[in-house]
Amino acid sequence: MDIFFQQVINGLVIGSVYALVALGYTMVYGILGIINFAHGEVVMIGAMVALSIILFLFQFDIPIFLSIALVFIGAIIFCSLLAFCIEKIAYKPLRNAPRLAPLITAIGVSILLQNIAMLIWGRQYYSFPQIFNNDTYQIFGIANITTIQIIIILISLVTMFLLFYFINKTQYGMAMRATSEDKNAAKLMGIEINNVISITFIVGASLAAVAGILIAANYGIAHYSMGFMLGLKAFTAAVLGGIGNIVGAVIGGLLLGLIESLGAGYIEKLTFGFMGSNYQDVIAFLVLVLVLVIKPNGLVGEKSSTKV
Amino acid sequence: MKSKCRNNLLFFLFVASSFFLVSCGSDNSEFDSEGRKIVYIGHAGPLTGPIAHLGKDNENGVKLAIQEANDRNISLDGQTISFKVVSVDDEGKESKTTLVAQKLVDTNVSGVIGHLNSGTTIPASKIYHDEGIPQISPSATNVNYTNQGFPAAFRVMANDKQQGSALANFAINDISANKIAVIDDRTAYGKGLADIFEDTVKGLGGIISSREFTDVTKSDFTAILTKIKGLNVDLIFYAGMDVQGGPMLKQLDNLGLNVNFLTGDGCQTLQFIELAGKSSQGVYASSPGVPLDRMPGGISFNSKYEQTFNQSIQIYGPYAYDATNTLIDAMVKANSYLPENYLPFLKNIQFKGVTGDISFDEKGDINRGSISMYQVKNNKWEYLKTLGDN
Amino acid sequence: MILKIFPSNKKLKFIHGLLLITVSLIFLPFIIEESFGRSWLRIFDYTLIYVLLALGLNIVVGFAGLLDLGYIAFFAVGAYSWAILASPQFDIHLSFLIILPISFLTAGFFGVLLGAPTLRLRGDYLAIVTLGFGEIIRIFLNNLDHPVNVTNGPVGINMIDPVMIGAFSFNNKIEIFGIQLTNLHFYYYLLVICVILVIIICQRLENSSIGRAWVAIREDEVAAEAMGINTRNVKLLAFAMGASFGGVSGAIFSSFQGFVSPESFILIESIMVLCMVVLGGMGHIYGVVLGAFILVILPEIIRSAAAPVQESIFGFVLIDPESLRMILFGLALILVMLYRPKGLWNK
Amino acid sequence: MSKNILKIKNLSIMFGGIVALDDVNMVTKKGTIHGLIGPNGAGKTTLFNIMTGIYKPTSGNIYLNEKEITGFTPNKIANLGIARTFQNIRLFNSMSVLENVLVGMHNSMNVNIIDIILKTRNFKKEEKLKKERAERLLEYTGLVKYTNNRASSLPYGYQRRLEIARALATSPSLLVIDEPAAGMNQKETSDLKDFLDKINSDGTSILIIEHDVKLIMNLCSFVTVLDFGKIICEGVPEMVKKNKNVIEAYLGA
């Protein structure tokens, strides 16, 4: 039984990571309707930049909290600038191009970022220093969880609520919603849609940076290729929840995480030993397909009735 | 229509110019400046990509051997020979390996040292076999490589079968484990090693409590580790690479699961210790061959290598060096650089290399390929013992 | 008199063109081999394999506008059908005349199988689901080594039979007037024939009611349905046709390579083929062929030119060819889309 | 006494609690031009979307030539003989005018994929016949001089015509037209009227939604008025014109 609880915890941790990244995907998609394939790489850049900053700061004896703050701030700023440029260079010119064009540029950007990162930081896997103390706590004495894992879960939930508030209550949020509904109408209402889009990308990138640092810290490892698969899973999560929907992204992320860990844990029993943990991802994708076949707009995605 | 024509033209020019670019790259002349006959020795391995450093290491081994051979001014039936290395990059990818193998065939090399990993060695070996070119891999350990019935495919390193069974014996006899969980990373290497380990353990009366899997894109192993925790085993065997083994150990600790951890040469690296941090304490690992300082010619080779390339040996350098020397030795014994002539001599060669005595069995595997066991003690790999071929 | 033999000047031109193309296609391999060596002939063969793939995907993405990110799976299905039906794996050794149709049909079947659940999905949802299916197939191939061993898992299937025509194996070498013909040549001709056939089929489909129905769906699904087009069947047909061509390509790939393993069918390969289609010019058959050529040959050129060129400039290799190749590739994708969003060579 | 081509019985549909159509009963006689008018949001287009199978009704039945077609798929209904145009023009823009019409003939053909790939005589014959028929249709609809232009390049009025031509290509027994005169000037509108008269006199029944009341009154032999999803009045134009509910509905009194 305690195994089950542990698996749930594991699932929640992975899920929260997916959720954090998925939020970035879902915001951009909500506004522009494009899959920002490069988002996963922004996460990676966030982690690598953070790593460099840490290694730099370690030369001086700065109080740990200060240096942690510096690390986060530095990574966030860098990623925001990066995302800002990506949007301006690779996506903005293609607002009215055929639907596949921005997808391909996104793939291009992703490949580009990954290989530039490879040039800057090399191919080796870096062990990511422990910026948070690595105590493990017992939950009701049946499941273990580390400080960083708790932080991950909390941050992803908090950011979700903040974003939700930001989008539904604030001026900018309203502008965002308007823009995602109908760009031209939004323009006519005097909304600077270019600013709105830039802000979307910057917020998404900041989340990516945070996610990157937390992931690297959790697994104690950072390298140039850590972004792609993660981005993919996160995007799957976003779609699962209903892409373009903030709450959906988090629900999708947590669900995907739980499916993966419980799947890996119990599939062998379920399939009478035919399938093992090697089919972890198969389960994840099958669930995705099922959900979409039953609810083509994702779990909490609102039905877009075809205007005829 | 107009743009169509333009594009046609563009495309044509593009192809033409590209071909030009390439064709100016390759040269294979008959004789060198001093009029010595040039004999090409191919080296193939990942010179770019995530394991480029290992590929370079092998390349250096080959270069060093060739250098020395040329200094010895070897002459084969009447002609003084100048050996020349043709080194190609297979990126460690199956999709590329046959292309670069073809490149070596085109520059009609007399023999090939490579490739580095089994995934690239096996597809390429077919091409060398078709052309009758002898191939010695310094580091490919998958059993299938020498099971293809290719008469000219050799390796100078113990294969996964030898390593897997050695590991199993170590697990049962030395760690005296009887409930064992096996994890492999679903690569050719991981699967090969894990399968043999599992079979041997069963043969020795041990119990495999569960067989778990991960893959090279993953960095979270909590799910499978938690499952293993529930089976309370007394040993976990992991067949995979260090970049995942390290984090895996950390997560093992976080889950409060402290059992013996045994792994193969993929993890017997410094990076593994670095990534696993203090969790790596007490981990057992195997590695084919013997540590440098226990090789017959290890120390002297090491210094030679370091002063030539002013960098330290990674892993397989000495084996590449021995493979090359073995090849050349066969040529000298046959007094010919032509494969059909020296192959018979290569088959039953007796060569004293820096890594040990080299001779091949009927399949092309090295006889008495030795496996050494190590354990992490305060952040260093400490040599435990060497197990012979069994 | 002559006018009688060649009824019209147009026809005359056509025949001349045909002859010219045929002759040049026959001699091309020797030209390549002479001027750049066999390895380039091998690269050329690989290019043709990708041309087949791109043409197949073009039916799904280009004609019917269904964004498929898991296309390489059908390539894998074809490759493994051949590998299993003609190798020591189960000691089955069928003739390619049997296997090619089988891989064609199997892949087509999978196309329908995976297409069916996605019919209601639009755009990017379709993309992620097809991507999922692609991964699922790869994972199965990578793990079907136990409990029952079908695919050897990650180790892959080795010693796959070459194409055999009667007693003649494509791996034989034969000499004609001092010119040596190797498997590279034989596969070149086989592939060229396949490519030509596929191109003809694509063109005929394009200019038929089916082709028009595909474009109609791409342009406006609702209107297409209102015109009495059974979108379900027409979409499934697109998936099936696309998949089958992928399957044939895969079958030839595995016999040519003599070895298959799941590693050759990873996601990035699907993306590559998609890039060939979009970069070349979606829905334009020759554009797609161009796309395939550029994306296969360009990297090879960079691979063999990058190091020497850099050495000649800086005296050392500044950026290792691998990264340089990928960086240029990424840049190419972005630039082409920015300046030719409809592809390099569109209609 | 001519037969009913279309019969709608107690038809209702709800969208998330909102009743868009409430117990609609309507009959269109064979060979007539039937007008459907009403203020915006009255549910006219919704009605069209139900009878062409895009929406499924919450309750009620639809009969085409006395055969029930309730809940059939759009393509099935199209093949049974209802062809439509759209309020916001939906042509296949990247296709030529001719191709648009050919798409309309998709199902009128009996060639299979083998015919196509082998380019059999049968296939060539079919294609030839269809091209000829398509050209006749373009002649008939006065689009022939645009045959090979991209659909998107046509002037607005002609795009409307092309949509109708494409619909006619499915050789329907009932043609359902949604606001054809929207955005047309006097001249274009009267041309449109003549055009529709011609189609009708050649034996196709027509059901038309239109805001241009004048056009409806001149064109239709029978008019139905919808308001807030209910039929508030139906009958011959003269009678409908005088009906006070209708006047209220329009003047919003």
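Note that the chains are named A, B, C and D in the order they appear, and that numbering of residues resets to 1 at the start of each chain.
Basically, a residue touches a chain if its C-beta (ideal position, glycine included) is under 8 Å from a C-beta of that chain, and two chains touch if they have at least 3 such contacts.
Treat the numbers as computed from the prediction; the structure is a model and nothing was measured.
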- Joint neighbours (chain A and chain D) are C
- Query: Of all the other chains, whose mean CA position lies farthest from chain A?
  - Reply: D
- Most central chain, Cα average position: C
- Once you find the CA centre of chain C and the CA centre of chain D, what distance in Å lies between them? 44
- Taking each chain's centre as the mean position of its Cα atoms, how many Å separate chain A from chain C? 33
- Message: Taking the mean of the C-alpha atoms as each chain's centre, how many Å separate chain B from chain D?
- Response: 72
- Message: Where in chain D do residues touch two or more of the other chains?
- Response: 54, 86
- Touching two or more other chains, which residues of chain B qualify? 49, 52, 186, 213, 215
- Query: Which chain A residues reach two or more other chains?
  - Reply: 276, 278, 306, 308
- Which residues of chain C touch chain D in the complex? 201, 204-205, 208-210, 212-213, 215-216, 219-220, 222-231, 237
- Residues of chain B touching chain C in their complex? 3-4, 7, 11, 14-15, 18-19, 21-26, 47-49, 52, 89, 91, 93-95, 98-100, 102-103, 105-106, 119, 122-123, 126, 130, 142, 144, 148, 186-188, 190-192, 213, 215
- Item | chain A-facing residues of chain C, complex | 61, 67, 117, 120-125, 127-129, 131-133, 135-136, 139-140, 142-143, 147, 222, 267, 271, 274-275, 278-279, 282, 319, 323, 326-327, 329-334, 337-338, 341-342
- Item | Parts of chain C lying in touch with chain B, wherever the complex brings them together | 32, 35-40, 42-43, 46, 142-143, 145, 153-156, 158-159, 171, 183, 257-259, 261, 263-264, 290, 293-294, 297-298, 300-301, 303-305, 308-309, 320-323, 344-345
- Hey, which residues of chain B end up touching chain A in the complex? 49-50, 52, 186, 210-215, 217-220, 222-224, 226-227, 229-230, 243, 246-247, 250-251, 254-256, 271, 274-275, 277
